[in-house]
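In the two complexes below, chain A is the common chain; its partner is chain B in one and chain C in the other.
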Partner chain A sequence: MFKAIVSADTLRDTLDSVSVLVDECKIHLNDDGIEIRAVDPANVGMVDLTLSADAFESYEADGGLIGVDLSRLEDIAGMADAGQLVQLELDEETRKLHIQIEGLEYTLALIDPDSIRQEPDLPDLDLPAQVVVEGADIDRAVRAADMVSDHIALGVDAENERFYVDAEGDTDDVHLELEREDLIDLEAGDARSLFSLDYLKDMNKAFPKDAEVTLELGEEFPVKMHFDFAEGLGSVTFMLAPRIQSN
Partner chain B sequence: MGNADLRQLAVIEEVGFDELDGVVAVDAHNWLYKYLTTTVRFTRDDAYTTADGTEVPNLIGVVQGLPKFFENDLTPVFVFDGRVVGLKDEEVEERREERERREEKLEAAREAGDALEVARLDSQTQRLTDVIHETTRELLSLLDVPMVEAPAEGEAQASYMARVDDDVDYVGSDDYDCLLLGAPLTLRQLTSKGDVERMDFEATLAEHDVTWEQLVDVGILCGTDFNEGLTGYGPKTALTAVREHGDLWGVLDAEDAYIDDADRIRELFFDPDVTDDYTVDADLDPDLDGARAYLTEEWDIPVDEVERAFERIEESVTQTGLDRWT
Partner chain C sequence: MQFAEFAARATEIEAEPADLETVALVADLFADAGDDLPVLARFVQGRVFPAYSERKLDVGPRLCREAVARAAGPNVDADDVEDRLAETGDIGGVAASYDVGGQRGLGAFTDGDDDALSVREVYDELAGLAAAAGSGSEDEKVATLFGLLTRCETDAEARYLARLVLGEMRIGVGEGAVRDAVAEAFDVPIEAVARALQVSNDYGLVAATARERGVDGLADIHLEIGRPVKAMLAQAGSVADALDSWRAAAVEVKFDGARVQLHHDPAGETRVFSRNMEDVTAALPEVVEFADAHLDTAAILDGEVVAVDEAGAPLPFQEVLRRFRRKHDVERMREEVRVELRAFDCLHAAGDDLLDDPLLARHETLADLLDDTDAVSELIVSDDPEEIEAFEARALAAGHEGVMLKDPESAYTPGKRGKQWLKRKPDVETLDLVVTGAEWGEGRRAETLGTFLLSARTGDGYATIGKVATGLDDEELADLDDRLAPHVRDEDGQTVDIEPAVVLEVGYEEIQRSPTYSSGYALRFPRFLAVRDDKDPADADTLARVERLAEKQS
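Then we have the complex of A and B:
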């Protein structure tokens, strides 16, 4: 059993955070909210998302599991104006999701969850450095790095209490530094890892530009990037595996 | 090469390359031969021929065949044939005669100036020369790809590894004999562009409700590399007969027939000449610059023939996967 009403914005934010990595996903319909965990086919980027039942106008579920085609569902959510409500109801018999937006009814065929790639195990990461920045700062760093290279180094200089970003291209380089006072918070520890910009650019699309993003970093370790949405009732953690640094 | 009729019995499922991961013991001759013929067919011959006329199309073929493994988290272990198994002499002789016939035709086509026919026959008459053997091993060793030297047949060694070694997940071979050799999962069509075929040993036994011994007996009745089958016996007939009479001896008794060395042939499948003396280190650390130099400087292969493949290998080995931390 699943029946819920949610604002179109919250639904879109939820879907957008997952669709940057995968085309299809499983959604757990727990009694206290929904949960999604997915990894891209190359096993490089992962998303772990929860959205509390309190983020919904109304919510009833009893622990079911559905599989969805994300771009389909995003298209439907896109039909709603900001602030409009979307009503979702699962038909257990037909395994279809009935979606209603102000008189518009859409019946979405679901995907057999068993046919969707298995949900990944969460990596066990003990990361020495933590940085809290505005989403807009990451956006700026990613856009600058993208002008010169395919990859980007994220690091923390513990001694000088600095978060930095490096991108080295064939001819041009980009370097960006944020001191402790430019950051919302910093737990200094030496860290530097290199990441693919292809992935980071996609994840960046999901970051809220006007809210906090927490980065956890290590030496040649995956980065964890965390943010809240839906007024703190939704939570997203991205994990991205590093590239091996040559030389 | 095994009896292709076994396909009628095998449980085979098509799977995408990206759904596979783990270690695959590749029947090296089978794989190499495919890439050799493709390279010869689609690449101009001066790209792989040195000034003194030595042909090394294998070097282009190998480097173009490898990225697909790396990009999909599949680690290949190449298993090379050792000596020819005694009972197979007849087949080897046949193949040699066949090749000589093709070479004669090729010569005739050259004289007649039939370029298309020359290209077609040329790709069929490829042989794994000593130079091809040595340079393939050198290239694989620069790329840190594990290799195993089988005491006898590569497909038997590869099947054995997949059967008993927890670190080996699949056999990579187009040979249906891997089923008789008990390889749990055999990947066919590894060299093709599309999906691969995953042949499942346990599922095959379950599908026909037979034991491994009975499956081998079915294979022997249809004919293997080591014996002619019984006249009139295809896989379906052989299966019914083995089920009815219990095993090969029962069937032979009932048919009042005889197969030379039948007990020895059985042993070649159950207890082939294989070795435990090998190591598989799936954590690869390829020397890409060394491999590039080996191909383009030592063997004069044009950079643009192999650069794209090297870039793909480089990209796949520099990007880690999150599973490393789980």
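Then we have the complex of A and C:
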């Protein structure tokens, strides 16, 4: 059983955070909210999302699991205006999702969850450095790095209490530094890891530009990037595995 | 087995030049394969799925280059990979030359999990990749390959993974080596393995059966409705070849169509496969309808699909191609090009494999099965060349391509291009022509006549038809020079006029109309075959015969 009403904005934010990484996903319809965990086909990037039942106008669910084609669902959500409400109801018999937006009714065929890539185990990460920045700062760093390279190094200089970004191209380089006072928060610890910009650019699309994003970093370890949405009732964590530099 | 272990073995096999040693190494690999035996029996040949399977990776070189580039590291793009590939031509070597394992997967940071690739995981990932279809599937394929490459810890893993994906292992292991290695590893006769492979085309199944159930198990592998086998193939040959080898020849029309293998299950579906075992059922609905209407028992038939006109007469092969393998507009094209089945062999009927039955018995079974005689090839058995020629003349007159000659006693051997089936090629016609002129040779041959003008007999003289200068060695040239010298009538610079005296047998590929020679014809690619000592100019071929031959070839 699943029946819920949610604002179009919240629904779109939810879907967009996952669709930057995968085309299809499983959605757990728990009694206290929904949960999505997905990994890209190369097992390099992962998203872990929860949206509390309190973020919905109304919410009834009892622990079901559905598989959805994200771009299809995004298209439907795109039919709603910003403030409009979207009503979702699962038909258990036909395994279809009925979606109503004002007078519009859309019946969405679901995907067999077993045909979707298995949900990943969460890596067990104990990361020494934590940086809290505005989403816009990451956007700036990613765009600058993208001008010269397809990889980006994220690091924390513990001694000088700095967060820095390096990108080395064939000819040109980019370096960007943020001091403690430029940051919302910093837990200093030595950290530096290199990441594929292909993935980070996609994840960057999901970051709210005007809100806090928390980065957790280590030495040649995955980065965890966390932010809240839907007024704190939704939570997204991206994880991205590093490229190890052999020299 | 870990994929690294397989890659190490493949490296060893690739480095082994001797065939017997190669088979021994593959046999060792199979003996140690455990549960991965079926997969490894294919991987060593650069195959992920059985040859008959519809599953295909559908990964081209471009996607592979992209995946390698993504794994290769900072600032390497597909063009860089292509540049390296242009130098070596080996995607495996290129993949191994980069640090593809530099990008880690998240699996490497999950507690307790070993992130090293196993053979099984490579297979499972590639199977998942093969299932990807539709929009976005290319990206997903690249991402999956990229993910596999990032988990390669050794250069050898990257090398053989990239080669496997493109279907070319380059380790010198073909079907024969795998067959012999299965026999060696599990101590079963090679013939038993070969037979099981012929009827199943499934190296994994055959290897596992040989290991678990030995020679008895292999004998239990039979044809299966829905699992295609390779088509038996024919060599080129003549009526003389056929009648020299067999007591009589079975003669059939050679249809100008597309070879198909039809599998009919009365309780299930009918499927049609191409000679490459590709499923072409969807493109040929009327063949399926025909089989459903005219067959009432399980059967595997071999035949051709031909395009026919309103009257049922055959149309050229190009028309069939408009239908074959078509995925779209099948119904519309069905209106435009009518196709029909012409069956000529029966591999399986009502639960019995007939491969070992003699050809004539199989053909009889075929005729019994199909209650439509138009769809069954007409077959005569004859040891009389004239009767065969008459049959061929009828076949050609009806618009067919020619005739097939088959050994009436022969078994059906899938995939073999043996001497039991012959495509009759037209006899190479030769002409006996009179030398009526010549030209002095050039360079080294300036001292002898080098090019000879040939003529055919007409009612009252000779008409030129071509020049022959090839096919003669120095000795033959000197000999001809001696023979012709007494008959030289006149010389004008390079050219020499010669009175008709010497007859040459000449081969050619075609007779063309031509204004160059007085006969109005010219020989294409004429070549000297012999001096006809036994013939006088009066015995040489006539222009009338040349005209008849020209007529026949059009």
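Keep this in mind: the second predicted complex is superposed on the first by the 246 of 247 C-alpha atoms of A that agree within 3 Å, B and C clash if a C-alpha of one lies under 4 Å from a C-alpha of the other, contacts with A are read in each partner's own complex, and residues count from 1 in each chain.
Note that in this section a contact is a pair of C-beta atoms (placed from the backbone, for glycine too) under 8 Å apart; a residue touches a chain by one contact, two chains touch by 3 or more.
In this text the structure is predicted, and so the values were computed from the model without any measurement.
Q: When the two structures are laid over each other on chain A, do chain B and chain C clash or fit?
A: clash
Q: Is A:L215 touching anything from chain B or chain C once the two structures are fitted on A? First, second, both or neither.
A: After superposition on chain A, A:L215 lies in contact with neither partner.
Q: Contacts for A:L125 in the overlay, against chain B (first) and chain C (second): which applies, first, second, both or neither?
A: both
Q: Answer with first, second, both or neither: which of chain B and chain C does A:L51 touch in the superposed model?
A: neither
Q: Should A:D170 be classified as contacting the first partner (chain B), the second (chain C), both, or neither?
A: The second partner, chain C, only.
Q: Check whether A:S149 is in contact with chain B, with chain C, with both or with neither, and answer first, second, both or neither.
A: Second partner only.
Q: Name the contact category of A:D23: first (chain B only), second (chain C only), both, or neither.
A: Only chain C is touched by A:D23; chain B is not.
Q: Quick one: name whichever of chain B and chain C touches more residues of chain A.
A: C
Q: For chain C, sort through 5-13, 275-283, 311-319 or 419-427 and name the stretch that clashes with chain B after the overlay.
A: Comparing the options 5-13, 275-283, 311-319 or 419-427, the clashing one for chain C against chain B is 5-13.
Q: Under the contact rule defined above, give the chain A residues that sit at the interface with chain B and also at the interface with chain C.
A: On chain A, the overlap between the chain B and chain C contacts is residues 39, 41-46, 120-125, 196, 221-222, 239, 241-244, 246.
Q: What residues on chain C touch chain A, complex-wise?
A: Where chain C meets chain A, its residues are 70, 73-75, 77, 99, 102-111, 113, 128, 136, 140, 143-144, 146-147, 150.
Q: Quick one: which bits of chain A touch chain B in the complex? Just the residue numbers, please.
A: By the definition above, chain A touches chain B via 39, 41-46, 120-125, 196, 221-222, 239, 241-244, 246.
Q: List the residues on chain B that touch chain A in their complex, please.
A: 18, 71, 73, 317-326
Q: Residue numbers of chain A touching chain C in their complex, please.
A: 23, 39-46, 117, 120-125, 149-151, 168-170, 194, 196, 198, 221-222, 239, 241-246
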